[in-house]
């Protein structure tokens, strides 16, 4: 694409000299790695320093940027847009040669029982197995080896990467992405202790319900409810190797990073952010817009929305940070305490002598 | 079912008025969510307060409960049983419409070599692959895509959900449940460092042995032993995404929650409870009936049975709790210590002046 | 094998009495479990005490060991070698009956498109699916159910255990081992927040590149880069259930234990050792030969190579250990601080009175 084509397509404004002689844009790159023929972007002010040295042909910048003071090289061309990062992503997507991941149609080795309902324009890879009475929506794509249980429902325009397992009766909305090896609807971990110290399995008779526009990472596991449903609300994004226990509810547009685990019957609010390797206790509630920092362990409910938490056990981030800073001083404090003890004993002795 | 039918089936005693006109029981529900036509239960005294407001038609209660003082609504009907929760589970299981998960017989796409031994009344889903010389017991069910290695043995009445992998030679007992994506018998993580800083793979020639009545969660991994076996004793329950390293031994009826990891050659006793995201060091022993609380890290052996542990590094729970409470006071302690230092210096000065 | 055959094969020296009448070696075992007919080894001086009681027929020992002082039983036979453990592994491997894991040839149920390139002497199990234009090197073995994406490349002499998924375009070198359920090339976890609190998926258009001689554990997940590659350099060993995020780089011969997670764009140096359940923040760099102890959380770059780190948040191991020791004294410190406060108040009062 030429620079003018890109600018027009993005609704941006071109600024620079000698634009007609600039090379066509063939690649995108990070500002510090870009070369001639590359388009890059500047969103974070921290990276402004690279404007003087970048070899990029074009830089996407915010309309708010004062270009006069920032033009590093005379030959650098700018396109001003509302959101340089989002614009960059659009170009990235358009410029990257696409690999067709899914072959249209139902592969002859896929197993689809006659009582299943399969929508239009499906892509179903080799060795996919669809359960009895299952329903698959229009335009949904499934990689090789996916297994959909009996009476399960998958919405429209979903993408299931290879070897995903959806257990019986679970319900998945539209435009949901499930990455390879994800397991949806395995039994909740419920056992009633018996008098002899052994355990009786508690039947797990509920389902998992996943709403629209959810993305679930590779090898993540979401357990079905004992009764009712484990519910992942719309727009939730879950990373790889996350564990969601039975009867958990995740509110809309909450984001959960890799290896985090949420124990049974806990309710996470809307628009929360849980970083990696976080653990959340069972039967508690986390308020909307809560942020939990990496590796934190949350033992009890968080009632006030919009706060950040950190630590093991987790506390409000400001408190926790003060605590962890003080912790580093502990050996010095211990030493100082011993010194003070001696001084006070000495003082007591001296005072007695007077 | 009518109320009298349920009571008779459970061996319980009906108490209440106007039982003949009560609606038939069509659902089960939690006490706070139950409506007319629902059966619920009361096991935990904390929930007694709901007796006054529940809309349930029937509540299962303990024979020990003093109903006189507890009847909230005149129309509420009780069935007294020995264990209300266990009775509730029985009703739940009976009342829930069952979905047949496994189709009887061996699916024509399953691969079963002629030298494998397959028991009676098997259900083997599409694309299952059985290894050479493998043995599968009677009444065992396997979902689509399970792969059983050469010379592996699976007992009777087992359930393997889709895409489980059991490596060669591993031995699995009777009534074992393996959830989707579980991997049994992958190589232990053993590498001998060489003089040049690279690693030589140590052959992992042992197996995994899983005894009767074990349940293993989705995407959990259990490594084969270097020599001998990684041994999961009978009745053990393991949740999702748990890592069991090579040569680990888990004692009978121990329960391990999600995302916990146990390092190589460690022995866990009987009837232990390991909560979620716990880490246990290698080459140590954990005594019987030990409880390890969530996210704890256990660096060394625990010799006395029946104690609770907590923290990173883990300590006896009472000690650890005192420590974590004190930790929260650290910033205040630091402040107080500085104040004391000043006061003592002041005192020393004054004493000199006198 | 006879003892002389073993010694000759290992290039070792036999020391002992009555060697001709010793039983042939049929097994290998740990020194404390060995019986007659077993070969064992002594590498760690801690185990020298077992020389007096072991029932082994032969012990492999270092040429440096002073056998005179160590012969426990007159009938014990030694073979002196350069490295007893490595020699033991060689015997272990030779003496263990091998199970053929992979059947030569391409199973008739495997799907190989005509535009894929498949090398010589391949073993491809049932229901394997090879992508369009994929390339598979010579002598590579794949268990049942593996799925290789379009345009992906797998090198020579690789072993892929069952149900491995390699996404489109990813590149895997020679002699790489991928354990069951591993997922290579799933989308990085990247979402741009929109003004309305929802998220826009950032296209993940890069790949995963895995160099030669890497081993990846069961159900481990490695995400593809946003642009460019997530790069696992040669000789790296990764255990089960590990999460490697997008654009991470792992340096040569680094070892990563189970359930560790590395956040996006972080660079881990060469010859590092990351223990289990470690978490590493995003966009940081870890110097070569760094050791991170189990469950530690590393929030920022480590610049000096060759140091050990520990704790949450991680600190240099010696500092961290001092801190954690002091932490255990916290309740006592709190008590002592209160005592001192009282004493100082008392002193202040007394001094005023004088």
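The first chain written gets the first letter, and so on, giving A, B and C; residue counts start at 1 in each chain.
Simple rule for what comes next: contacts are C-beta pairs under 8 Å (C-beta built on N, C-alpha and C of every residue); 3 or more make two chains touch, one makes a residue touch a chain.
Predicted, not measured: the structure shown is a model, and the values here were computed from it.
Novice: Among all the other chains, which ones are in touch with both subunit A and subunit B?
Specialist: Expected: C.
Novice: Shared numbers divided by all numbers used: is that above or below half for subunit A and subunit C, i.e. same or different?
Specialist: Both copies, subunit A as well as subunit C, present different residues to each other, with under half of the numbers appearing on both sides.
Novice: When the C-alpha atoms of subunit A and subunit C are each averaged to a single point, how far apart are the two points in Å?
Specialist: Going by mean C-alpha positions, subunit A sits 27 Å from subunit C.
Novice: Residues touching two or more other chains, restricted to subunit C: which are they?
Specialist: Where subunit C meets two or more other chains at a single residue, that happens at 109, 127, 145, 163, 181, 219, 241, 259, 277, 312, 327, 330, 333, 337, 340, 344, 347, 351, 354.
Novice: State the interface residues of subunit C toward subunit A in the complex, per the touch definition above.
Specialist: Subunit C reaches subunit A through residues 109, 111, 127, 129, 132, 145, 147, 149-151, 163, 165, 167-169, 181, 183, 186-187, 189, 191-192, 197-203, 205, 219, 221, 223, 227, 241, 243, 245, 259, 261, 263, 277, 279, 281, 297, 299, 312-313, 315, 319, 322-323, 325-327, 329-330, 333, 336-337, 340, 343-344, 347, 350-351, 354.
Novice: In their shared complex, at which residues does subunit B touch subunit A?
Specialist: Subunit B reaches subunit A through residues 28-30, 85-86, 89, 92-93, 96, 99-101, 103, 107, 109, 125-127, 143-145, 161-163, 177, 179-181, 213, 215, 217-219, 235, 237, 239-241, 253, 255, 257-259, 271, 276-277, 294-295, 312, 324, 327-328, 330-331, 333-334, 337, 340-341, 344, 347-348, 351, 354.
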